[in-house]
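Heads up, the next two complexes both have chain A, just with different partners, chain B and then chain C.
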Partner chain A sequence: MAVARPTFIDEVRQSEQFNAAACMNCGVCTAICPMGLEHLPREIFRYVVLGMEEEVLKEQETVFSCLLCKLCEENCPAGVHITENVRSLRHYFDRKAFRI
Partner chain B sequence: MNRRKIGVYVCHCGGNISDYVDVEKVVDAVKDEEDVVVARTAMFTCSDATQQEIYDDIRELGLDGLVVASCSPKLHTFTFRGVAKRAGLNPFQYTQVNVREQCSWAHTDDRQGATEKALRLVRAGIARTRLLRPLEPTVVETVPKTLVIGAGIAGLRAAIGLADIGLSVVVVEREAEVGGWVKDFGPMYPRDKEGRELVRQLEAKVRQRENIALFTSAEVVRKAGSFGDYVVDIKTHGKSSMTMQIHVGSIIVATGFDSYQPEEGEYGYGIDGVVTLPEYKKMLDAAEGSLEYHGRPVKDVAYIYCVGSRQGDDGPHQYCSRFCCSAAVHSALELYTRDPSARQFHLYRDMRTYGRYELMYRESREKGSTYLKFAEDEPPAVRKGADGRLVVTIRDQLTGQKEVEIPADLVVLVTGMVPRENDALVGALKLPVGRDGFFNEIHPKLRPVETVVDGVTICGACQFPKNASESVASGLAAVTQSAAMLKQGRAELDPQVASVDPQLCTDCGVCYATCPYDAISPQEGHEGRRVAVIDPATCKGCGGCAPVCPERAINLEGYTQAQIKAMIEGLAREVV
Partner chain C sequence: MPLPTGDTIGILADNLRLRRSVLPIPTESAIRWTRGLDLPRGGERVLYTGLMYQLIPYIEELVKAESRLAESWLSGFTGIGRQVNKLVNVSGFMAHPTREQLETYDRIPRNVALLLKRAGVEFGALYEDDLYSGALAYDLGADETLREHAQKVYTTLKKHGVKEVVTIDPHTTNMLRSVYPTLIDGYDLAVRNYLEVLSELEMVPSRQLEGDVAIHDSCVFARYEGVLREPRQLLEGLGLTLQEPLHAGTMTWCCGGPVESLFPEKAAEQAERRVTELQAVAERGVTMCPLCYVNLQKAANGRMRFDDISDYLIRGYEP
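Here is the complex of A and B:
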């Protein structure tokens, strides 16, 4: 059982632009992704807002596979800043996993 | 006996009837019946062309009886009464025979059987029509005064509306103060006007108007009389307890709702820190800055939706309460204004922030509220954690079905609306209550505030869960209906009511208890005897009393003992 840690999102958030919680889980982003990324962005963002850090750390490969092409962001009906949020996640991995 | 002149019209209904019933054969079989002077089929009897044809027949052939065999009387009774009236035939000398819902649609596999049944039904209709006599509506004078029961936001607004139309109003409120639920509310969507301020304004307007009398700590204990002149007993409580009697032409019921009270242990209710939506709203409205509960700071709040609503097929509350998703999201936004760093988790089954409330839902997500979806058969669980904080467990449908534990300082059960316990009032008014316990309207779309009791309308959340603006809108609809009835000064009631033959009545008393409208009462003085008398203005013509009378002294106009007998003979005759 995963325990929600609501303060985790503050560790990931790089800017005021970070708005993963605005997602309403419609799934347009997953359907449209040219890389066919399954967990990005929707599910990884869920892990972030719920503070499931272990789950986030498993997704290093996915987070760095994103092309930042913004196709999902252009089509997001909830106005989620997806690429900005992915950048925040990469910063988090830099600090946490690569210690840079 | 003079022969009658009856016209019979059998409808194809464009095939709805004629695909399964041989309508030509039915007409052939009845056209030579005694008293039938014309019998025709029509593609659509309700069409303008056929209405004109019936009109012409009535005038040219001097018809004194009309039989239309088509759809349910619920659809076109008033259409064909209108045709009769326009052509100079008394509208109560017409019979509607249902050969669609009760014949063609029910027997699509048996053309011969359906045709025979239709013929029998039409013969019964002719038999009834033979014995119909012209009737005139009962006319009653109306008292230009309305009783409003309940001084919540809907009742107060309705009272002001009626007063401004020029009617006198009596408002009766059970509580010591007016304003119902709204009087305790802080800022309300969308303009953040406080509920208490809204009520203050409404109350001031009520008190300014000389034609409104307001009684608080008061209850309606009895209703007698009939539409246009109801006699109502009002009892006041407190220091000056008294009962008074008033006459009113109409009644508006605006008695509101109760909030669902969870059972002990339901989603952890009873554990310190698990509160209902009204309890939470009270805390929020009282808080200046960030929230505290029993002296402890509240940082993490978990909301559990649909508590006491949508309880599956077995629960007493199977309906959606409609307002609660929006109310909970609004509360979350209220908490953000006091404490932007509060962390809020919403555990829901389906979000139903309809209309513009969707914008609040979006705003709450943008401000960081996290939404988790649970399945109906796997609701979240609440328990006290080792550290003394609350823990909510949910299998989140939006995160790959993962089980998640959410630590919380406060758990808010988003409770729905339930009907108010009001047995005494329901008994006094004789108002029908639906299976869900709320008051019932006649027709949800076309007659949304009228009830089966003439002159009694319902509005606000005593009808079904409504928010404040919907309650007020229905209150004003009730005003329109009430005023439309009373401003004419007189009302026409259906004359198809029951009456007692005093020669036959033995005052055995059996019929008194059968009347659901209290229309039958004993009266002294018929040749020195006491007999049952039915008030034609109160009687709704339901016919419940007629069959119980051992003397057959009661006849329902339009369905007399003789007519029922004749109809049975018409139904039972050989078809051949």
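Here is the complex of A and C:
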């Protein structure tokens, strides 16, 4: 059973730009991603919003495989700051998992 | 099997903090492009390389060395490698580019300097104080290290009396123009890319070029910095016929370069997809970013020729 920690999102949030909760899960990002990433951004953003830290930590490779090319963000109908959100997730991994 | 992500990021971040670049290179390699150009040191306007082109031969060699390391028994010791790298620049032992590689990437900042001179733009250079911008640390989320480094870069620019920075590549442009102002209080530098500077000057070409060229927009130029019109205007002004691939302009596809340091195989796969798109519209391609140039060139493996945009411009505008 997944454990949810409501304060998790505050640990990931780097700035006011962080807006994972704005994602409406429409799937444009997944359809358009040149790397074919399926879990990022929408599924992982949902884990962050729900406080499911363990699920996020399983997605390390996916989080660092994003090109930050912004093609998804350019086409996101909900105005999600996808690249900044991904960078925030990377910063979280750097601190939490890599001790950087 | 790629090297462990955390150790790789740790080494890159340690290098930036301790040695002012994610991949430290000899000073001679950083400034060789300035030879014979007689550029003043510093001044209100400087041409700033951010070392991006000069770093590429070293990155190419380092990636090869990392691939060999990843396949060997030593791959289990990258954590120790990170600790050793804090004392000794380990990456310096791993990357030994050839003279030909170095000359290729010195040529591009030289091209840009000559083009600006031809256009009548007055500018200086910072030589050994032309520091890497920290773009990779930013992408990898090493924010504390980046903030500290950005302040060093800004202080160095101010020390030389700089008010306006003319950049060459998209990543340095983005860092100095859009990211640094969010990190540094009172940041007041004007930042323009050389393509923007040249396109405003309405230069008259000294000769016309011809033929079809596939244009590869950099993601950072197209979607972060809005530099789309300028390269087209300059290349078409030379008489070239630009061919737009399926994904072009604000919909451009990435070359794969941003994941090269962590997942070289994924980077190569994306570069292959992009070369296929570009090859469908022309036999020659033009890039405007060192990462795009090296990744697409490598993926094309002779199937298609790529040139940096400055190589076309210098041919069309040199006296």
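The rule is simple: the second predicted complex is superposed on the first by the 100 of 100 C-alpha atoms of A that agree within 3 Å, B and C clash if a C-alpha of one lies under 4 Å from a C-alpha of the other, contacts with A are read in each partner's own complex, and residues count from 1 in each chain.
As a working rule, a residue touches a chain if its C-beta (ideal position, glycine included) is under 8 Å from a C-beta of that chain, and two chains touch if they have at least 3 such contacts.
Only a predicted model underlies this, so the values are computations on that prediction, with no experimental measurement involved.
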More chain A residues in contact - chain B or chain C: C
Chain C contact footprint on chain A (complex, rising order): 14, 34-35, 60-61, 64-71, 73-74, 87-94, 97-100
Residue numbers on chain A that touch chain B, as the complex places them: 1-4, 6, 9, 19, 21-25, 43, 46-47, 49-50, 52, 55, 78-79
Contacting residues of chain B [partner chain A, same complex]: 300, 343, 345, 362, 365-373, 393, 396, 398-400, 402-407
Parts of chain C lying in touch with chain A, wherever the complex brings them together: 5-7, 9-10, 13, 138-143, 145, 219, 223-224, 247, 250-254, 256, 258-259, 262-263, 266, 270, 273
